[in-house]
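Below are two complexes that have subunit A in common, paired first with subunit B and then with subunit C.
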Partner chain A sequence: MMQTAIAILKKDLRMEFRSKESILAMWIFSLLIFVIFNFTFEVSRLVMLEIAPGLLWVAFVFSGMFGLNQSFSLEKENGNLRAMALMPVDGGQIYVGKFLSVTIIMLMFEALIFPIFIIFYDLQLSLGMFKLVPVLLAGTIGFTSLGTILSAVAVHTRNQQILLSLLLWPLVSPIIIWSVTLTGMILSNQVTEAFYPLLLRVGAFDVIFFTLSYMLFDFVLED
Partner chain B sequence: MDVPALEVSGVSKDFGRIIALRSVTFAVQSGEFVSVLGRNGAGKTTLLNVISGISRPSDGSVKLFGTDPNDRVNKAQLAVISHEMFLYGNLTALENLEYYSRIYNVPDAKNRIDTVLQDVELKHRRFDLVATYSRGMTQRLTIARALLHEPKLLLLDEPFTGLDQHAIGMLITLLKKQKEMGRTILLTTHDLHTAAILSDRYLVISKHKIVRDGWMKNSSPDEIRAAFFSAEAGENDS
Partner chain C sequence: MRSKIDKIILIVLLLAFLASVYLIFQWVPPIKASNPAEQIAQRIFYFHVPSAWLGFLAFFVVFIGSIAYLATRDRKYELITVASAEIGVLFITLVLITGPIWAKPVWGIWWTWDVRLTSSLILWLIYVAFLMLRRYLPDGSKRANLSAVVGIIGFIDVPIVYYSIRWWETQHPKAVMASSEGSLAAPMFFTFMFSLATFTLLYVYLIRKRYQLLTLEDSLNKQFKEMEIL
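Right, the complex of A and B next:
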């Protein structure tokens, strides 16, 4: 049943590893954000700890937008989006394949940029930072599960990037805000009892976004 | 009587105020090779999009092998060749075909890929990126991709556009072979000569509707040409 999703995932990852187009562009973009913020604002370490989680997610999300746009632009080239609509498979499988590829590429980018973030903002590495793993996973999955379907909608239009931003931001904002809060708790080493319920809430949104997108993807592929 | 491979009944399609098809009705029996002739903008591509299920008709219905074109079994029996490649430039020919063979669940995929690459004379270039191919080579690979899963119904949308004489000759040979194998083929073109060589039957589409439906064997080239150009003249007059 997952054969199509795996075929799409393998194809996308193979193309990405060959060109490194998305990851490289996302990485450079995030690096620029960190450099600009680091050298523009001379603030105390305490203030830096306040703004660092937001900065990290700004970098993730803006770069993620690039990844999402890139993912379906590749499909639009040479009519491959049309080829997808002709495939003898459930649209949900195509969605899962694209969702997995976008998510894996974004997580790889996050793994590559996070050490730079630590160095730039002089953050202390500790075991507590491992709590970031579920936060990054949940936040990223929420962003990409919704972003994948909206990117497929936007790719049919002339102003693809603008439309994707307009559709995605309002819907994904709660997940990003909660992810920033959770990241802030971890970076400032102040994980309270509110941490797990909030993480669970992000996870619940992930499940809702994923399920709805999976069910609706067939309609998105039609002309 | 057998269920037609393709049945188009009263299909209309509009995009807001723009009318693309008006009450198009025809049927194609299994094994028939039908050419749809018409000038640019007559509605040929829209007709193929509706038949393939990419586009929903505004009115009327389409049946492939007696059922809905969006039925998964039908989709597996269908292949579309158009001016769009349906290929990834950043993958090799082999990788593209492996990808499609997984999607279409092609049995004994390795041998099948070898066969189709041999048929289009691209086996020696199978490890090269598609982005490095010429237009003719890309179109040949497009044909290989379409034939990979051995479809029962082939929809061809102006497949000769941009091809050199060698590639056109190869495509004609391949299509004749597909016809001999009993595949049903629907070709849209404005090239009367090629249509006459390949088809059993022709439909002339003008002003978004079918204005002529005839058999090649019963029509002289002059008659077909007259039908095509009178339709064109009609469009120009309107």
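Right, the complex of A and C next:
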């Protein structure tokens, strides 16, 4: 049943592992964001700690745009998008495949940039940091679930990259706001009882965004 | 294309707006406030809130129109959606302008990242992106499909945005948010309802006009195409 989705996922991941285009570009771009932030906001270490969660998510979101843009523009280049639309399968399958590949690539990039983040901002490693795993997972899934469908929408326009940002950022702002709050709780070692309900809320909206996109994807592919 | 109904609506609108200006600036008693500037500024409420209401109504129509389009593929619904989105953006723009005009004398600042202000701004951004998407796409069924999809996602996102910022807001309470909640006095309530009705009628008039214009454009384009074939 999920064969198509898995086939697309495999193809995308194989392409990524061979070229390493997306991950490398995202990683370098995030590094740049850290450097630029450091110069533009010359603040004390204490203030830096306060804005660090926001900075981390800014890096994720800005770099994530690269992966999302790439995801469908590569398909469009050689007319594969049209071929996909003609496939006699449910459009939702294509969505799931694309969503999974983008999400996995982005999570790998996050895992690779996080050590750099720790070094740059001199954060204390602790066991509590493992709580970041579900936060990054939930935040990233929210971002990519909406991002995948909107990337498929924006790819048809002349100004794909800017339009994807314009469409996605306002819509995904709730997920980002919550993810930053949750990340801040962990980094400042102040995980209150509000943590899990909030995490659950992000998860719930992930499900909403995913289901909505899954249902609507057929219309996006259609000519 | 000028129908009799439009003419009647227009005349009623003119009279209603004249009446509401009289009600707002002459008839309704000023609120009890220590700051005289606030007494004057408060009257913007009768324009500000109906504009916001109209914006929400317009975006709701975008949502329904998008679903109707995807279900029926009728061009009519696409045009209604566009007309409504344009009007919605216009009135949320008015909300974002009238808000700070009121806030400056009352709060002492033009803008604060409060839940209502922030979510209105994000709402505005969502539908501006919707209109820009349409501008970047060539006319056709593809454009209609894509914008309908965004129209649906956008509207479902609106309450989530509001909810998320409210949560975040309670984490950082703002001292400037003086609560002025409470029941409205009878003359104020009447003026407010009158203004609300007038604005709603304005929406009806605007969407009718915009829709007619869009269908005219459509038929003109069709004629051009036929001429090209010849």
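Criterion: the second predicted complex is superposed on the first by the 219 of 223 C-alpha atoms of A that agree within 3 Å, B and C clash if a C-alpha of one lies under 4 Å from a C-alpha of the other, contacts with A are read in each partner's own complex, and residues count from 1 in each chain.
The definition used in the following text is that a residue touches a chain if its C-beta (ideal position, glycine included) is under 8 Å from a C-beta of that chain, and two chains touch if they have at least 3 such contacts.
From a predicted model like this one, the values you see are computed outputs, not experimental measurements.
Q: Can A:Leu123 be said to touch subunit B (first), subunit C (second), both, or neither?
A: neither
Q: Does subunit B (first) or subunit C (second) touch A:Val89, or do both, or does neither?
A: first
Q: After superposition on the shared chain, which partner residues are touched by A:Ser19: those of subunit B (first), subunit C (second), both, or neither?
A: first
Q: One more residue to check, A:Leu212. First (subunit B), second (subunit C), both or neither?
A: Only subunit C; A:Leu212 stays clear of subunit B.
Q: Contacts for A:Ile51 in the overlay, against subunit B (first) and subunit C (second): which applies, first, second, both or neither?
A: In the superposed model, A:Ile51 contacts neither subunit B nor subunit C.
Q: Mind working out whether A:Glu222 is in touch with subunit B, subunit C, both or neither, as first, second, both or neither?
A: Both partners, subunit B and subunit C.
Q: What is the contact status of A:Leu171 with respect to subunit B (first) and subunit C (second): first, second, both, or neither?
A: Touch status of A:Leu171: second partner only.
Q: In the superposed arrangement, does A:Leu74 touch subunit B (first), subunit C (second), both or neither?
A: In the superposed model, A:Leu74 contacts subunit B only, not subunit C.
Q: Shared contact residues on subunit A for subunit B and subunit C?
A: In the superposed arrangement, which is not itself an observed complex, subunit A uses residues 222-223 for both subunit B and subunit C.
Q: So in the complex, which bits of subunit A are touching subunit C?
A: Of all residues in subunit A, those touching subunit C are 146, 149-150, 153-154, 156-159, 163, 166-167, 169-171, 173-175, 177-178, 181, 198, 205, 208, 212-213, 216, 219-220, 222-223.
Q: Looking at the complex, which residues from subunit C come into contact with subunit A?
A: Per the stated touch rule, the residues are 70, 122, 125-126, 128-130, 132-133, 136-137, 141-142, 145-146, 148-150, 152-154, 156-157, 160-161, 163-165, 167-168, 171.
Q: Enumerate the contact residues on subunit B facing subunit A in the complex.
A: 49, 52-56, 72-76, 78, 80, 82, 84-91, 95, 99, 102-105
Q: Enumerate the contact residues on subunit A facing subunit B in the complex.
A: Per the touch definition, subunit A meets subunit B at residues 3-4, 6-7, 10-11, 14-15, 18-19, 74, 77-80, 82-83, 85-90, 222-223.
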